[in-house]
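One chain, subunit A, appears in both complexes that follow, with subunit B as partner in the first and subunit C in the second.
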Partner chain A sequence: MIPKLRALPVRIHICLGVLLAMALASLLAGVIAPHDPVTIDIKNTLAPMSWDYPFGTDQLGRCLLSRCLYAIRLTFGVALLIALLTIAVGSAIGVTAAYLGGLADQIVRIVSDASLSIPSMIFVILIVGFLGPGTENIILAILLAQWVWYARVARGLALRITSYGYVRAAKLSGTGPVGIIVWHIFPGLVTQMVTQFTLLIGSTALSLAGFSFLGLGVQPPSAELGLMISDGCELIQTHAWMMFWPSLTLIIPVACLNVIGDYFSDYWRSKQ
Partner chain B sequence: MTLRPSYPYPIGETGSPEAAALTGQPLALTGATMVVPTLEEAEEAIGPELRPGQGNVLSVKALSVDLLERSDRLTVVREASLEIGPREIVGLIGESGGGKSVFWRSLFGLLRGANWRVAGEAFLMGKPLNFTDEEASRKSRGREVGIVPQDPMGSFDPVRTIWNHFLETAQAHVDIPAQEIRAMAEDSLAKLYVDNPGRILDSYPFQCSGGTLQRAMVAISAMLGPALLIADEPTTSVDVTVRLEVLSLLKSLRERIGTSLLLISHDLKAVMSVADELNVMYGGYIVERIKTGDLVAGKAQHPYAKKLIKARPRFSRERLESIPGAPPSLRERQGERCPFLPRCDQSRPSCSDYAMEAFRVGQGHFVRCLLAKGEA
Partner chain C sequence: MKGFLVKQALLIIPVVLLVSILAFSLVRVFPSDVVASYLKGHQQAYTPENVAMVKAKLGLDKPVTEQYFDWISKAVRFDFGMSYYSNLKVSDIIYAGFLSTLRLTGATLVWLVIFSYLLGFYSAKNPDGLVDNVSRAVAIIGNAVPVFVLGFVFIQIFALWLKLLPVSGKLSLAHVVLPSISLAFGNVCVYARMLRNEMLDNAEKPFVFYAKARGLKTSAIFKKHILGNSLLPIAGTAGVCFGHLIAGTVIVENVFAWPGLGSIITTAILSRNYPVIQGYTVCIVLVFIIANLLSDIFAATLDPRIRLGNSAG
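This part shows the complex of A and B:
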C-alpha cells in the first residue's frame, strides 16, 4: 500500500528533505532565529542583507529571516489545521449522507451545490465580512468554503463502497450503521483522502497567505507570510527582497507538497 | 458459553435429543460433547402434532408486500404463507422477478427505501416479527436468523482478516470477550469441515479459496446459533464444481449445526437435491407447496410447477420443453387473478374468475389453481 522510502524517486526524496528541513527550522525558530520577530528597531529599518541580518530587515527594522522562520510555523501550522478539519468534516458529512441516503443525502447535496455555486474566494470574504478579520474567523471561513469538495469526493467513494458485497454482507449479519461506516467505509477512503490532504495543505497555505495579504486573515504584528508579502508589496520598487524572501518561503514548501501529492495520487491510481 | 435462542418452550435437559429438538438448541457452540440428534430423532421428540402448528422456526401467514410508486400501489408478494419446522430445509423457487427475494427481505427489514408496505404476520420461533422496526430487525439478523450472502468472494472486506469478520458480527450482537468469540468462530468453522480454523481466521480473504470463503461465510452466519439460515441464490455466482460443494455444505448444516434452512433459488435441480419441501413462487404468489418426495413422484399439480419440472435439463436428445411467453411484469400481474393464466395450456374459462385461493390436496401440499379444486 505505502511504497518503501528507498523505492521513491529522487524528486520525492528532495521534496521530503526540503520539507523536513523547513519544518525543523520553523519548529526550532525560538532557538535558531537570530532576532525577535516582532521587536521594532527604528534605527535599523530596511537594512540590506548582511551577516547579522541574512535576509535584511523590513520597514520597521525587524529581522526578515527570523520573521520568515516564525511565519512558516504560523502559516503552515494553521493551514495544516484547516486541512485536517476540512478533510475530517468533509468525509464525515459525505460518508454519512451517502450511507443514510434519502433526505439527509438530498440536504447535503443541495447545501453543497449551493455553496459550490458561489466562488470560494467570494464566499470566504463574505463570511469574514460577517465575522470580522482574525485568525479564528479565517480558519472557520476557509473550512466552510472547502469542506464541500471533500464531502463530494467522500460521498462518491462511499456510495461505491456501499454497493460492495462486503457491506451488504455486514448488513445481513446485523452490523449497525456506525459499525459499517467505521469498519468498512472509512478504510476505503484513506488512500484518496491522504492524497487530497497533501495537496490541500499547500493550497490552503496559499489561500491563507492570500487572505492575510488582503488583510482578512492573520492580523499584524504576527509574522505571517501573506502579511509579510503585503508589507513588501508597498516597497517592491526600492526594496524587492522584502517581498522576495517571504514569497520564496511560501512557494518552496507548497511546490514540494504538490509534487509529493501528485506522486502519491498517481501511485495509488496505478495500484488500483 | 452457550448461546440459546429464546424459544417459547420449556428447556429440558441440555444435550438430550428432546431438549435439543425442542429448544432448537444444537446451537450449543462451545459444548464439545453436544449430541446432535438426527432429523428422525428430532421429529420423534417434537411429535407430529407440533409440526404444522406453532412449533415452527419460521411461520409466515398471509404476507403481502406492496410497493408504493407515486400514486400506484403495486403488490409484489401476495398472501404468501410459509412454514419451516425445526431442522427442516425448505426451498423457495421461481423465476427472477417472481418476488422470492422481496418475500424474505421483507421479513427482516431489508427492503431498501421507504416505499414498501408489508402486511401479514410472521413469527420467528414463536415471536412475532416487526417489519417496520429497523433496530429490532437488525438485532435479529445474524443472531436469530443467519443470512448467507450470495457471493463469497465479494462478501469479505479485502483489507480485513476473516477473523475480523467473525468479530464484527459477534460484536454487533453480544457483549463477550474476544477470546470467547475466537473459540466460537473456530468451533463454527470446524463444524463446517474446515481444517485448521485458526489459520483460516488469521488469513485475508484473498488468501483463501472460494470454497473456503463460502464455508467461512456460512460459519459466520451460523456462529451465534440462529434457528434459521437463509440462503438466497447460494449457487448462482459459483461454478459447477463449487455448486456441488455448496449444496452438500448446506445439506450438512442441519446435522452439523442444527438449523433450519430457507433456500431460495431459481435452480430447481439444486433445490430439489437438498430441500425437504418446495414452495414454487410465480407472479408474487406461492402457487404450490409440496414435499420434495411428492414432487419427484410427479405429484405436482400446478401447471407452472409441472412445466418447471419438465424444463430441467436432462441427458437426452429431445428438445428441452419450455414455457411459451414471458413472466408477467409487476404491472401486468396486479389484481387477484392467476398470474400464470396467459401462459397456461390447461386453462379453462372459469379460470378468469378464480381469486387465487389455495386448495389443500394432501399432507403439506397446497396448490393455488382451479385444477386442484376437485381433488381436495
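This part shows the complex of A and C:
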C-alpha cells in the first residue's frame, strides 16, 4: 500500500531531505549551535552577518542562528505534540462514539456541531482569554479547538468500517468492544490519519507561531519562531534580517510538510 | 425549509445560554485575579481595604446565582460594565471595534471575489497553462507563509520602498488596502483552486457536451454553463469563508494596528481586562451563530436541493 521511496517524485525527495536536515540540525542544536540562544550580550547587539554570527544577532545580542536552531525544536516540537494529541484524542473519541452509537454518539455530534460553528482560531482566543497566555495554555487551547475536526473524520470512517463483514465476524467470535476498536477499526483509519497528521503539523506550527506573535502563546525569553518574528518586526526598517531568518525557518518546513501531505492525500484518493 | 430554519433558530438558545454561563464563570473562577487586574487598571494599591471595596463593587461577595442573574440581566441588553483600563463602556468599545473589523472584512471580500474569479476562471480555461501554474505556485506559498510575515513583507514593499500606500493609523480607504490584501491572499489561494477544480469537474458533465453539440461558442459555454454551476458549491461555503476572514483579522489587525475586534481582544487578554473578554466572548459567538444561520438561508435559496431537504448530507 505505502509507495516505495524510490517511486516517489523528486519534489517529495527534496522536501523529505530538507525536513530531515532541519530536524537533525535542531535536534543537535546543543552541539552545533555556535552560541547560547538566551544569553544576552549587550555589547554585541544587532551585529550584521559574520563568520561568528552567520545570521547576525538580535536587539539583545543573541545569536540568531542559534536561536533559530533552538526555535525549530520548540515550535515544531510543540506543534508535533499538539498534532499527535489532536489526532489521538480526535480518533479515539470519534471511533468510540461511532462504535457505541446512541447517546454517546449524539453527545459527540452536538458538541462537535456547536464547536465547529466557531472558527478554531477564535475558539483558541476564547480559551486563552479564559486561561490566560502561556505555553501550556496554548497547547490545551489548540488541542481543544482542533480535536473536533478529526473526531468527525474518524467517526465517519469508523461508521463505514463497523458495517463491514469482518467487524461483524469479530463481534460474533466474541471479541470485546475494546478489542474490536483497537484491532479491527483503528487499522482502517491509519492511512487517512497519517496524511491528516502531516498537514496538521504544518498548520499547527503556523498557528502556534501566530499566537506567540500576538503574545498569547510561548512567552519570552524562549527562542520560538513567532516570538522571534514579533521581535524582528519592530526593527524591520533598519534590520530586516532579524525578521527574515526566523520567517524563513518557519516557512520552509511548513511548505515541505504541505507538499508531502498534499501528495499523499492525492495518492490515497487515487488508490480508492 | 421553514422547519429547518426554526430548528436552527431554536438551537441558538441553548448555545447562547451555555456561552453566557462560561463567560460569566470567567470572573468567578479567578476572583482574586479579577480584583488584582481591576486595581491595576484603576492604579490603586493591592491592600485589604481596596480588595474588599472592589469585591463589594463588582458584587463578588454575593451568592453565585445572584451574581449570574445580575450579570445576565445586564448582558441581554449588551451591558457588560466598564473597561478596567479606560472610562469606556465595554459595549461601546466592542461596537466600534466590530465596525472597523467589518470594514476590513468587507474590503477583503472585494479582493477575494475579484482575484479568486480571475485566477480560478483562467486556470480552468487553460489547465496547466501559465495562469494555472502561477496560481498553483502561489497556493503552495500562500499555505505556508503566515499572514503576519506576509503583512510585513507588504509593508516593506508597498509602504516603505515604493511609498505607495500608508501603513496604519487611520481608517481611510487607502489604509485598508494593505491589511485587506494581506488577509485576502491566503483565502484567494484556496478559493481560486476551488473554483478551478470545480470548473474542470463540471467541464466533463453531460450538459457541457450538450451545449457543445448545440454549437455554442466555447467562451459562452465557459461563462454561462460551467461557471454558473461551479459557483453554487462555492457560495455554499460563504459561512465558513466569513469565519476564516473574521479569524484572520485577529493577526492582521495586530500587524497593521487596525483598531478592530482582534486588536481589542488581544490587548484585553494580555491586560486581563475581564469585562472586555466577557463582552467579546458573548458578542463573537452571537455573530457566528447569526452568520451561520444567514449562510444556511443563503445556500438554501441558491440550491433547491437543500431547500427541498434531500441533499446528500
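Just so it is clear, the second predicted complex is superposed on the first by the 272 of 272 C-alpha atoms of A that agree within 3 Å, B and C clash if a C-alpha of one lies under 4 Å from a C-alpha of the other, contacts with A are read in each partner's own complex, and residues count from 1 in each chain.
By definition in this document, contacts are C-beta pairs under 8 Å (C-beta built on N, C-alpha and C of every residue); 3 or more make two chains touch, one makes a residue touch a chain.
Predicted, not measured: the structure shown is a model, and the values here were computed from it.
When both complexes are overlaid on subunit A, subunit B and subunit C end up sitting side by side without clashing. In the superposed model, A:193 makes contact with neither subunit B nor subunit C. Subunit A is touched at more residues by one of its partners, and among subunit B and subunit C that partner is C. Taking the C-alpha centre of subunit A as the apex, the lines running to the C-alpha centres of subunit B and subunit C meet at 100 degrees, rounded to a multiple of 10.
Once the two complexes are overlaid on the shared chain, A:171 sits against subunit B while remaining clear of subunit C. When the two structures are aligned on the shared chain, A:138 is found in touch with neither subunit B nor subunit C.
Residue contacts after overlaying the shared chain place A:71 against neither subunit B nor subunit C. In the superposed pair of complexes, A:259 makes contact with subunit C only, with no contact to subunit B. Shared-chain residue A:158: touches no atom of subunit B or subunit C. Once the two complexes are overlaid on the shared chain, A:237 sits against subunit C while remaining clear of subunit B. In the superposition on chain A, A:183 makes contact with subunit B only, while subunit C stays out of contact range. Taking all C-alpha atoms of subunit B against all those of subunit C in the superposed arrangement, the shortest distance found is 20 Å. Shared interface residues of subunit A (contacting subunit B in one complex, subunit C in the other): none.
Those residues of subunit C that touch subunit A in the complex are listed here as 15, 18, 22, 26, 29, 140-141, 143-149, 152, 155-156, 160, 243-244, 246-248, 250-251, 254-255, 265-266, 268-270, 272, 277, 280-281, 284-285, 288-289, 292. In the complex of the two chains, the subunit A residues touching subunit C come out as 114, 117-122, 125-126, 128-130, 132-133, 202, 206, 209-210, 213-216, 226, 229-230, 233, 236-237, 240, 243, 247, 250-251, 254-255, 258-259. Every residue of subunit B that touches subunit A in the complex is listed here, in rising order: 110, 113-114, 138-143, 146-147, 149-151, 153-160, 164, 168-169, 171-173, 217, 220-221.
Residues 102, 164-166, 168-176, 179, 183-184, 187-188 of subunit A are the ones touching subunit B in the complex.
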